[in-house]
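Since the structure comes first, as structure tokens, the remarks are kept for the end.
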Amino acid sequence: MNRVSRESIRAQGRYPGVSLAGVAPELAMALYRFMLRLRRCEESLIAEYHPADQMRCPVHFCLGQESVAAALSLVIRPEDYLFCHHRTHNWYFAKGAPMKALFAEMYGRATGANGGLSGSQEISYPALNFYGGAILTGSVGIATGAARAQQLLGSDHIAVAGFGEGATDEGAFWEAMNYAALRRLPVVYLCENNGYATWSPQHKRQPQDNISQKAAAFGVQTYTIFGNDAVLAHQTVSQAVAGARAGQPALVEAYTYRWNGHVGPENDDVQNYRPLEELAFWKDNDPIALLEEAMTNARLLDAARKQALEQEIAAEIAEAFAFAKQSPWPLPADWRALNYSQETPRADELLSDVESGQFDQHQDEAIPGPY
Amino acid sequence: MRKLTYAQAINEALTQAMELDDKVVVAGQLVDYKSGIFGTTTGLAERYGTQRVEDYPVAESLMTSAAIGQAVAGLRPVLVHQRLDFMFYSLDAIANWMSLWRFKSQGQSSLPVTIRVIVGKGWGQGAQHSKSIHAWFAHLPGLRVAVPATAYDCKGLILESIFGQDPTVIIEHRSLFSMSDEVPEMAYRVRFGQGVVRRPGQDITFAALGFMVPLALRAAGKLAQEGIDMEVIDLRTAYPLDQRLLLRSVNKTKRLVAGDYGWHTAGMAAEIMALVSENMGRKLLADPVRMTLPDSHTPMSAVLEEQYYPNEEDICKAVRRVMG
Amino acid sequence: MRKLTYAQAINEALTQAMELDDKVVVAGQLVDYKSGIFGTTTGLAERYGTQRVEDYPVAESLMTSAAIGQAVAGLRPVLVHQRLDFMFYSLDAIANWMSLWRFKSQGQSSLPVTIRVIVGKGWGQGAQHSKSIHAWFAHLPGLRVAVPATAYDCKGLILESIFGQDPTVIIEHRSLFSMSDEVPEMAYRVRFGQGVVRRPGQDITFAALGFMVPLALRAAGKLAQEGIDMEVIDLRTAYPLDQRLLLRSVNKTKRLVAGDYGWHTAGMAAEIMALVSENMGRKLLADPVRMTLPDSHTPMSAVLEEQYYPNEEDICKAVRRVMG
Amino acid sequence: MNRVSRESIRAQGRYPGVSLAGVAPELAMALYRFMLRLRRCEESLIAEYHPADQMRCPVHFCLGQESVAAALSLVIRPEDYLFCHHRTHNWYFAKGAPMKALFAEMYGRATGANGGLSGSQEISYPALNFYGGAILTGSVGIATGAARAQQLLGSDHIAVAGFGEGATDEGAFWEAMNYAALRRLPVVYLCENNGYATWSPQHKRQPQDNISQKAAAFGVQTYTIFGNDAVLAHQTVSQAVAGARAGQPALVEAYTYRWNGHVGPENDDVQNYRPLEELAFWKDNDPIALLEEAMTNARLLDAARKQALEQEIAAEIAEAFAFAKQSPWPLPADWRALNYSQETPRADELLSDVESGQFDQHQDEAIPGPY
């Protein structure tokens, strides 16, 4: 079989169609609903960003990249860990974290997921084991450690890292691949290859479009797919996750595309960094439209159902905006308490206080050895 | 009372921690070999297995990011670097992630990670095997930094760190490893931000960290013969720093030498001096003095090492200068 | 006289350097795009080609080690980090290799590498996009560290760095980029270790670095109305630090606020205070004060940013305190 | 063809023999001489280390690993760059740097290659473009940059990095592979795979013995050889170097073995980290003995010639020791001048001094943009 690559996907032209063979209707609907909700959410945030100028933080939107997170959302468990990069919203929703807390966080409010300390690009939702962060490749090593912990604890939970192809430029990425394969960790690396790091195309940074091949050489199981087929993404992620639970670390490389600018609500195509027909090609292969077509053909979706869905989502979004805007600002910060724990419950429990004065602190000396 | 060497005290701290809580894991290159990082991990692998006592690939960056993930998932990892110099690869993991994790999760998630780092000295370690950057760690918010000078403190601070909530760097100076002092057998704690008076004195305060402490004590002995009664305080932890102890001592002696086995500019001696200056600078009877390494990398040749590292006599000279 | 913004001045420095010497090369993510790192590299790729103006893979560690190799082989590389935070991956290359290269080759090989780093501020940059660690670089031997506050200085210090012999970090505060001042057209130098009096005054010295400078100048205006005549000195470079200028000023005013837009503990403000204290501490009429960021990571929310970053009013308060 | 691996080498038993077919006698002799000189040098340093206790620095000896450096020494040019790791002596000699300056450096004397500042593990010899250093993988990235400089300068010199398999554990290594392949740099990565990083065997740190395969996936040309055949090493390194000069970055992975302890003159086999029969196998495949056999069979070497060589080498070593021991100690250090250049000739030439007082330093303000 020929390897899927960005070139092979372009060469194929419009995607022949999502196959729903053997797919439960609820599953298709769940994927569809997740993607539509994420899409509308992003569109609304983009629309609201500048007129209001109240979301004062860098935001990396993910229009066009809805499918992988949709797939993951149906496979990952609450106890599993998910660590992701700067483009957080898709991953945040994949873990089931609430929209209100996201919006309020972006508005810098006390009710935000992190009380306004993190914003969009560093948001976390610890109660659901979700953590984002904006330094490239950081989440990959951290997920690897969380997976190692599961192994040491004998749990059957896994850790997932969500990131873009840019993360594989960093050496830290390959340390993680080596270690995951060495220890056979329960970890899945989900790489959304959207072809660009900011504005720099992959071929400007890497000699070949072969991240999966490299990872395979490191001993990790790899899957390379056309990412905008949400059903295929679901099958692939399911397989990778099942493998990970059985101790087979995996990398899924899903080719996709970002419609919006790299950061912020503005379009950044003035930078001339990508051909407009490339963008057009990928919009023509919209993951939502592709699934919608298949579902419509299979009579799993009709205008009325879609309309109802849209209304439901619009209402949730309106509520989230209202919640965020009406929420209180954070109280004045106690810097020390924010940066350092004020309690040490485990030490209190396990360790004794001794009066050091009662011990002779005189040191006997010896000559240290040469190395 | 039983005496242990500094290295033995570390070993005992790790053994007790692993015994007390099976969430404690140790990772680092060669931690599972017999010689056990200068004896500090010897026996752990035999007792707790090579899963919990893990020889690591030479990948300090991953080792540190992975420790974050482990801590998030409920473990209490201890990392070991045979030389501090090897940890520079891990500074992204430390500064961009570990140190700010608690902060940006608004305290919902904290990281009890202990990073043991050994600072090389002597026998021509040279510029790539002898650096100490405890001042960097003190400068970076979100980390606790211990610079223990005695076996007693080292054991207590390591245990306190392992069973605390925040990421902590333990700076272990190689020259201290074979020095011994009284160490209780129980699992005890030494708290961060609590220094100790190692030698009471009336005339001048020598505020020290780490390997500067035994040197200062020896110098104090000499100076006593000259009629100078020097108080030596061991601040023990660079962050938080025991400001109260420092100010109390200087308030009494009205004279200060700030001693730190680290580089001069923007180092811990500057911080100590700034604390005194902003709180009670005008009470001093003489301008204070810093005793540090020069702003230079470490030379290899033994004769240059001699010149590079401050010794007892250098301390005595500095003290005499302040005494006027 | 022509005014340029800080960003334009940087651009002009780079353009002139590349024009003057084809050994000068620029590397960094996105340096060859139109927007050119906030305008600072715009036009360079068109003029000098994408070999000399190189978009880099997201591999800061390699970018920095490779700059060492380039410099050894006779080039004068300029690296650009869009945020300082991204350079933590390169600290091994900097601390273990670049900073000590000249030293351990006994001066036979030196590394003219210029590392431009931009410090983010505002609009919710948050903990991972706003750090500054100029105090770390000042602490590390072998590096020169510039913290230019004006377009004039920034151009001159970048040129001085590119055509100097030693590795240099240029700390560029994002908030300064759109501020403008008079900048000569010629290729001129501003020397390291030479500060400047930005505003003469008699009552108190405010010793500042970087973005603290314009804030202090504004505060000085306010304070003048209250009858406080504040001298503002801009130290310009954190290493070497212009000790002479600092001491001369404080000797005149006998009062000090040490201001630095970096974390508090073991930062540049501590160094400034220590220098004054050890040289003339007892001449001060009041205990000095530090004006810094708190020992905390940066919050995202605008209301918390307000609280986190010192502003003119905070400076005025500190000054009033020292004035008594 | 089956890939050479540590296992395949062991499986083969004693090496069938170095082939001198088509090899010029002087070439064989040069390889032999280099290896013998290096071997005797190391043996003498080991013998002298403790009784005298005057070489006060960590030393990583390279007994058994003489062949790759021997090969390189005949191919690398004075203008080429060589950067290596902590185990420096073989690489130092490969670049033709003088024995006296090495010994004096180890003795900490003013006449040492770096005036006693560096010692064995960080030694450099700038006049010959040779630089060592003891932080793992550092030399790999630096060599990559030196190669990039050659490309930018349009020179036909190359850069070489010499290191062990341990260096490939670090992520920094893979950043270099990616970049070298991306830019098609004139660089050769010489990896002496001796199976251990300190005492930790490769399989304890990496899931497979396949460094070359990984590098190949990154786009670098790879060669994998039994390293103790000096003639084969020479052919391989020659090919790799020629390729590099033509813009094809290459990795040579040469399997070999360290006889001595990791660091210092003591044997470290008390640590029980390697099977004694493994050591015996590799001693039985001594690169010097293998070449000596072939040369003796081909009548390129006899007892008299060897005797003469040994005497010549012994004399050079004795002289180097005498030189080192009689050399003066370094003068008291001027720390500032050692760490910072005191002159700026290029700036003096190109830049003007201006009286900044003549310019208005008043800043006009503007509000900075959002990101």
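Letters A, B, C and D name the chains as they come in the text, with residue numbers starting at 1 for each one.
In this text, a residue touches a chain if its C-beta (ideal position, glycine included) is under 8 Å from a C-beta of that chain, and two chains touch if they have at least 3 such contacts.
Predicted model only: the values in this text are computed from it and were never measured.
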| item | value |
| --- | --- |
| Farthest chain relative to chain A (centres taken as mean CA coordinates) | D |
| Interface with more contacting C-beta pairs, comparing B-D to C-D | C-D |
| Centre-to-centre distance between chain C and chain B (centres being mean Cα positions), rounded to whole Å | 30 |
| Inter-chain centre distance, chain A versus chain D - centres from mean C-alpha coordinates, in Å | 42 |
| Distance between the centres, which are taken as Cα means, of chain D and chain B, whole angstrom | 35 |
| Inter-centroid spacing, chain D versus chain C (mean Cα positions, whole Å) | 38 |
| Overlap residues in chain C, where contacts from two or more other chains coincide | 57, 59, 61-62, 85, 88-89, 92, 96, 103-104, 123, 126-128, 141-142, 294-297 |
| Where chain A touches two or more other chains at once, by residue number | 56, 58, 115, 117-118, 122, 133, 135, 169-172, 175, 178, 182, 205-206, 335, 338-339, 370-371 |
| Contact set on chain B toward chain A in their complex | 1, 3, 5, 20-21, 25, 51-52, 57, 59, 61-62, 64-76, 92-93, 96-97, 102-110, 112, 121-123, 141-142, 144, 150-152, 156, 159-160, 163-166, 174-175, 177-184, 186-190, 196, 198, 214, 217, 240 |
| Complex interface listing, chain D residues touching chain B | 56-58, 108-109, 112, 115-119, 121-122, 133-136, 166-167, 169-172, 197-200, 204-206, 270-273, 329-330, 332-333, 335-336, 338-339 |
| Residues on chain A engaged by chain B in the complex (per definition of touch) | 81, 83, 114-115, 117-118, 122, 124, 126-127, 129, 131, 133, 135, 138, 140-150, 152-153, 159, 171-172, 175-176, 178-179, 182, 335, 337-341, 343-347, 349-354, 356, 359-371 |
| Interfacial residue positions of chain B with respect to chain C in the complex | 61, 85, 88-89, 91-92, 95-96, 99-100, 103-104, 126-128, 131, 133, 135-136, 138-142, 238-239, 241, 262-263, 265-271, 273-274, 276-282, 284, 286-290, 294-297 |
| Of all residues in chain D, those that touch chain A in their complex | 56, 58, 169-175, 178, 181-182, 205-208, 210, 213-214, 216-219, 263-264, 370-371 |
